[in-house]
Amino acid sequence: MAIKTYDEYFNRIKKMRRNLYIAGDKVGRDDERLQGQLRIFQETYDRTNDPDWENLCTATSHLTGEKISRFTHIHQSVDDLLKKQLMTRLLCHRVGGCIMRCMGIDAMNALSVVTYEMDQMLGTDTNKNFLKYLRYWQDNDISANCAQTDTKGDRLKRPHEQVDPDLYLRIVESRPDGIVVRGAKIDNTTAPVGDEIVAIPVRFMTDRDNDYAVAFAIPADWEGVKMLVRPAYLHKTKYLHSPVEGIGDAESFTIFDDVFVPRERVFLDGKSDPRQTPFAGFLALLFAHYHRHSYTGCKPAVSEVLASAAALVAEYNGIERTTAVRDKLAHMISTAELVFAAGQMSAYRAEKSASGTLVPDEILTNAGRKLAGEEIYNEFKIVADLAGGLCATMPFEEEFFSEETGKLANKYLMRNPKISAENQQRCFRGIENLIVSDLAGVMQVAGLHGGGSPQMETITMMGRYDLESLKSIAKYLFGIEKELPKYERPPVTPRAMLERFRALYGKT
Amino acid sequence: MAIKTYDEYFNRIKKMRRNLYIAGDKVGRDDERLQGQLRIFQETYDRTNDPDWENLCTATSHLTGEKISRFTHIHQSVDDLLKKQLMTRLLCHRVGGCIMRCMGIDAMNALSVVTYEMDQMLGTDTNKNFLKYLRYWQDNDISANCAQTDTKGDRLKRPHEQVDPDLYLRIVESRPDGIVVRGAKIDNTTAPVGDEIVAIPVRFMTDRDNDYAVAFAIPADWEGVKMLVRPAYLHKTKYLHSPVEGIGDAESFTIFDDVFVPRERVFLDGKSDPRQTPFAGFLALLFAHYHRHSYTGCKPAVSEVLASAAALVAEYNGIERTTAVRDKLAHMISTAELVFAAGQMSAYRAEKSASGTLVPDEILTNAGRKLAGEEIYNEFKIVADLAGGLCATMPFEEEFFSEETGKLANKYLMRNPKISAENQQRCFRGIENLIVSDLAGVMQVAGLHGGGSPQMETITMMGRYDLESLKSIAKYLFGIEKELPKYERPPVTPRAMLERFRALYGKT
Amino acid sequence: MAIKTYDEYFNRIKKMRRNLYIAGDKVGRDDERLQGQLRIFQETYDRTNDPDWENLCTATSHLTGEKISRFTHIHQSVDDLLKKQLMTRLLCHRVGGCIMRCMGIDAMNALSVVTYEMDQMLGTDTNKNFLKYLRYWQDNDISANCAQTDTKGDRLKRPHEQVDPDLYLRIVESRPDGIVVRGAKIDNTTAPVGDEIVAIPVRFMTDRDNDYAVAFAIPADWEGVKMLVRPAYLHKTKYLHSPVEGIGDAESFTIFDDVFVPRERVFLDGKSDPRQTPFAGFLALLFAHYHRHSYTGCKPAVSEVLASAAALVAEYNGIERTTAVRDKLAHMISTAELVFAAGQMSAYRAEKSASGTLVPDEILTNAGRKLAGEEIYNEFKIVADLAGGLCATMPFEEEFFSEETGKLANKYLMRNPKISAENQQRCFRGIENLIVSDLAGVMQVAGLHGGGSPQMETITMMGRYDLESLKSIAKYLFGIEKELPKYERPPVTPRAMLERFRALYGKT
Amino acid sequence: MAIKTYDEYFNRIKKMRRNLYIAGDKVGRDDERLQGQLRIFQETYDRTNDPDWENLCTATSHLTGEKISRFTHIHQSVDDLLKKQLMTRLLCHRVGGCIMRCMGIDAMNALSVVTYEMDQMLGTDTNKNFLKYLRYWQDNDISANCAQTDTKGDRLKRPHEQVDPDLYLRIVESRPDGIVVRGAKIDNTTAPVGDEIVAIPVRFMTDRDNDYAVAFAIPADWEGVKMLVRPAYLHKTKYLHSPVEGIGDAESFTIFDDVFVPRERVFLDGKSDPRQTPFAGFLALLFAHYHRHSYTGCKPAVSEVLASAAALVAEYNGIERTTAVRDKLAHMISTAELVFAAGQMSAYRAEKSASGTLVPDEILTNAGRKLAGEEIYNEFKIVADLAGGLCATMPFEEEFFSEETGKLANKYLMRNPKISAENQQRCFRGIENLIVSDLAGVMQVAGLHGGGSPQMETITMMGRYDLESLKSIAKYLFGIEKELPKYERPPVTPRAMLERFRALYGKT
């Protein structure tokens, strides 16, 4: 069967080569510091195997017609996009934050479009390799990280201008049987527990950056790959266990130390074929686009998790009915609803690309992701506001269970006779986990930067929005132009970019 | 034909009784101070008769199967809601702001649901009268104001508690052939040029407020109706005419001085039948709901009109490509897109009520309207920011055309050699019209309060949102509850309210 | 006596040459469309002659030792700065907005510093002329506009790069007895009723812009000066007169059509002496600085006027004690207090320049002005929010006094039995004047742009702030540097700029 | 000598009774988990003994005329307030956040005023005891926590209404020789390492809450006192040591298990003398006031620490000169400057109370603290924004120093050839410490809630602000009142409250 259980998945990654480095140790995927991250991936495998979630978490492969995990599916319809978004939201509720498995499949969707278009325009034969690789994914229910962010060196210089040419991942050698790559990718969430790494470019490349126009996929323990791992822990508990305490993430700073990639796993190679170089930017943008659309699923969930905690502690603190509290909750709920609606409408307005893969509306997707990013720190502020200082000053759990202090500690924790001291503690400790912890910091930064910060969405949006048509409204109203065409913004998907490409690079 | 031309409409209102009071004059509908308001209504009649707009501005009557104006249509499908919203947005672009004809039909949609439900529950016979009245609307392409806001007196007191019992509109006598009403309604936009007034309650009514549970429709020049009119003017021009200069609105403070309403035009009468009283609140809420959904069409257009002016003046000022300008434009565009997407998704999630009328999702509609209201002043600020001080300090037009100063004035107005002095002037004068004028103030206040201020949307949203289900997320994550039901917020439409009604008031 | 009455002032400007153009008419200073502006200036003359205000509105001339109007005084002490700021705030309360007479004296203060420094460095003899001119001001209680903003043409080009060289005011001829200037200045608030115009540069000038490095003073009706006037009116009332209705402003687009300025009134002339050119930027900046410090007096007053109206209408609407209302009032009050405190502390930290004139701290002055500018639109929003729609839809006054509708209109205006219908009307009509009128738009734009928009303050602030010292904190904390010098930001006044000047241009 | 060294201080607290509970252990003050907190206190002792800081960190005792630590001084002059504020700011720079030693002395200042006033009004003899206790502080350079926040139980009920009467700290017995208290205080920052605990009420008390009107001081290891301690750690480093890594805090949930307090250490006892009960609220408010004034010193420093890190990482990332970055830095700098100026002006407007102690202006102090609290989360957002994701995903330090990965890790960390890999790492690791760590969460919550959240400042401000005088501006402008008194807000200090007290409770 194409869908795998968590145990099947875990047993295979346990066997991988030890190429993870954590605080001086060289470890395998069973290192206990990866448990938090694994706990999240487990949720995705468990729900996919859960009949109650089948409708949402599985899909039908357009390659084989088989039932597969939605995390390995290429969007064939509006409904696929809507279900991906909803699945993301609901799974995030269950782990109190990002479900973290969308990066890989977002990259795969982008590759499905770009390799197809490239083949059409250049007569290359890349999509066939991609589809073969996709088949491997679907048959094995693969988890993968998308490695996009280069270390970048001096940010005002292009890749080829850097003092050290390796500061962007590059092809040092291109041979008939494959390529050798050197460089590093950072911010690789989940990479330490993924089966595979899908590497793609981070930006547009010029014809002086051909060596940097590279995309490929390799197993995460492949020869030459070294992962410097940064796990974030929540506060573990001894007595009052809860789902939230087990959650964590694992980031990787991944070094590609002259790694050989077989040709069939190479999806972009500007070094041997400079005509491919312009597709680097297209791929970078399209991955970001799919990933931002995924954010319209997860970020509403993060807002809801925080709003949920805020509403609960407001109840426990007895202030739930006050105007100030309801205003703040309404603000968080509004954000969640608006971001999700933006993602849904992006799906409704999606366009089928030539490859058959659906591409959601860009303006709306970016508008939604942007709002979410702008609000994330404010949402933490609201939770802290309604919780009060105790979420940052709670004594350790042991004090509530010890002979000497337990009775007194519990006595003074009481707020509402209807709510037990234990539940009071669970509530404040849960909030401590959510907003006063290492992971809280990671969630904040990820909520801002993941998929690109609001500044990036602004740039994307303004690069694609038809400002001249917008201006025609004022020109008409002010009498500068006689007529106002019936202006309704058309969906903005990569078609426009493709057309520009075709004009610039297309064969006749 | 059911669809009328502007001339047909104007000729009939010209004949109405003179019951308008403007600055001490008693005038008819052809008073020149109403021209700005009429100019807006003309747009709705002209476009409905314009073949290019037919698909959007006309609909098929569910009563007669005839082609009618969409401004007289009861929503029968998701597509109807989507088209209403889009039509509103596109017409607003053409008048540089609110198209102002949605109030009446929003009230009619609410009445179509409420009279039907009331009949079902109470065995009354009101919907039949409503449908007859609706037929009259559709056959004559009626324009109407919805008069909802009472003067309210002391706002912390209920209607029956006021020192003067007339401070909310009330039934002073209920007879078999009709009712006599007394009171006043304020903020009645367009009422001075409408054919009809549809009056509905502004709030929930208790069983001590039966006399105030009243809804009806009457011709705008009916015996006893007095309108104190407040028109807002833009700055008229002598030389450089433009669409924006002709736009205005006309507000009415409408007094009902013991007005008799024939029974067949009465849609709610708590005085003679106190069982009808609870429906007052339902009707108030449902009108607000349809009206807020209309705002998800007009408010994005207002944002776009302002963004359009901002983008144009940024170009003329030569600062269009700077980061700061693009950030601000992106912010306005995002707001427009998010509010419109909220309205669209409210339509996609709409529910068909028992009457056959579609009701959009409440949470999303309110979230969209709320964001729009919060942003309106900021949007004016951005236009002012990019325009610079000149939009507030431009010499009068005559100075640019006079022998003595014209040449110099035009010389010094030049900014970019590619843009003529005339267009420079048109741009700044247009912005002056939009943001430094009486009407600008009205647009700001309307953008904040129309359909209810953000505070009202917060109250509505929090009154309907299922906060307990939201809290279950935190309860699960924090270990307070064992299971997390797969929580997806269902559409929130009046069904829940109806069920509560049925439980409270329903016959067995 | 040096201090003049309003009548003395008005009688002398009445006699000026008719060089004002309003809507095609060529008029004198007694044109009724200037009454609103004159009403504001009257307040400054009346209070200066009012014994109750003597301590605040008068000062002792450092030239003559005589008692003079503070509007003609050069700041000699911290106390002078504090009193200027407080006088501004209190006078603004009385006119419901900007008192508008600070521009001229702000320019004079800047000139007092710059001419002195220039003489010191270049051996020129300008300060003597300046002091003579100042003496004329003080002896005659002069009102003047400072004309700073050029029309600027293409904003990305420097003055000498413009297609039309006149788009910045320039010296076309420099002779021993004076200069001839050509160009235009815009946004010249109060210029139509001022005795004098003090013209100064708007930006830094390079050595290719010598012709544009020019500052001088001339009578407002001087040969060759043409003012295109744009007055803004409030809504005049017939029955319920009030101070707010009489207030207005008058802006000028001032054309200098080859105007000869006698040498003793020339304060900067880069054409004949290019060594003076660098002082253009210094003067531009220093005027802006004094003017922003004045804004720390007037802007708190504007916030307070709006907060006052908001608090009053909240009381009248019966919602004064709600949390939401108090939050909003507290926000406005905080802004007022913080901006004023910033100005006061700028005074306490002021530095005495070599000329003897005090210069307030730049960072704080800019921080205060910036906050004020960012908040202005939000403050209008709060007033509209608490007032409700009626402030935009009030019938005209006549309807409340007519036989036919007066009684009914007043009956339905009642809200609180303790507050008469007349006062209800006064309150809403006053708010209409403040926020739904031409002048409201002007106040919004002025609140944003006057003295420079927040973007300008950001630029100024970041140009002067010692960022390297700030960074030393992080360097110390992160272990990059061993020691943290006891860093306390010193006052930032023009001394640093002067030192840079001296290094660059100083004689040896 | 009155001023002690850190060693003297540490040696005495090391000897204290073991009454601290940390994660199940019963420990003394030398437990290593308290090192972070001690590191901060050490800074205060070290600087007080540092000749370079003498002028700021020491003061002259008004009791003895001796040189003492400013942390034990009662403000006798405006200069004292200014120096306290500046000292706080500069010390906070050195520890990267709150200096944490102000609570105790803030409570002492409040007691100095309240005990004096109480004696004046009631003829009690408390101030004498207070002064004796103060002498002990000054002679021994005492560090103390102020324990104010009760656990509060149901927040909508008063102390005497709680189901468990102990949920607010109360006097269970009052005897001639002292009182016995029971209850708990939470959020007691630094209490685990303080010499003393000064306990005061958290709110106003009615005459049914006499038992809860209690204030006293006891040694922190006194019989019956149990502290449940919650330390927050930063990330310790192995190789690249830095000041920021050593910083931490220690919070206490302090239980008073029938603790006897000798009479001479009791400063408020409503149980034996109910006339003292009204002073509970006065004391609560006045401590909050002094503490908020301290926040006008520390919060600007926190903003500056964050701005400093933001500026540094912007430089390292090569984006320092972009508009977007400068806008964000300017915003943080403005906040710091405005909050500090608010505190300084509060000092300049301070009033000398009858006791001789200075009391700063309340409105301004609250306005400053409020702005700081509103901005704190946004400031973290800005740092994260400019740093990028790496601050949350940095590999552990060991990876940069190991044989196997060190060279590669350092190679790829390079950004700017002028900045070494080590400094790059120091910068990102420092930021990780500041914004992605347990302590970051604590700093966020403390920045919001410490001294009272913005909501509390709003309540205080609106409770004291003279709204009626403010309204008189609108009344005058709108013609409702004839005259506008020259309204300048007087300083708001406890005088007004005292006068109300005197009217209500004063002896005749």
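Chains: A, B, C and D, in written order; residue numbering restarts at 1 for each.
Everything that follows uses one rule, which is that contacts are C-beta pairs under 8 Å (C-beta built on N, C-alpha and C of every residue); 3 or more make two chains touch, one makes a residue touch a chain.
Note that the structure is predicted; figures quoted are calculated from it, not measured.
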Set of chains whose contacts include both chain D and chain B: A, C
Rotational angle, Cα trace of chain A fitted to chain B, multiple of 5°: 180
Classification of the chain C:chain D interface as same or different, half of numbers criterion: same
Chain whose Cα centroid lies at the greatest distance from that of chain D: B
Chain A and chain D: spacing of chain centres that average the CA atoms, whole Å: 40
Touching two or more other chains - residues of chain A: 324, 327
Chain C-touching residues of chain B, taken from the complex the two chains share: 21-24, 26, 149, 151-156, 163-164, 166-167, 183-184, 186-189, 226, 228-230, 232, 251-253, 255, 257, 317-319, 324, 376-378, 380-381, 384-385, 388-399, 402, 404-405, 408-409, 411-417, 432, 435-438, 440-442, 444-446, 448-450, 453, 455
Chain C partner contacts - residues on chain D that touch it in the complex: 52-53, 86, 89-90, 93-94, 96, 240-244, 304-305, 307-309, 311-312, 315, 326-327, 329-330, 333-334, 337-338, 341-342, 344-345, 348, 363-364, 367-368, 370-371, 423, 426-427, 429-431, 457-459, 461-462, 465, 467, 470-480, 484, 486-489
Touching residues on chain A, where the partner in the complex is chain C: 322-324, 327
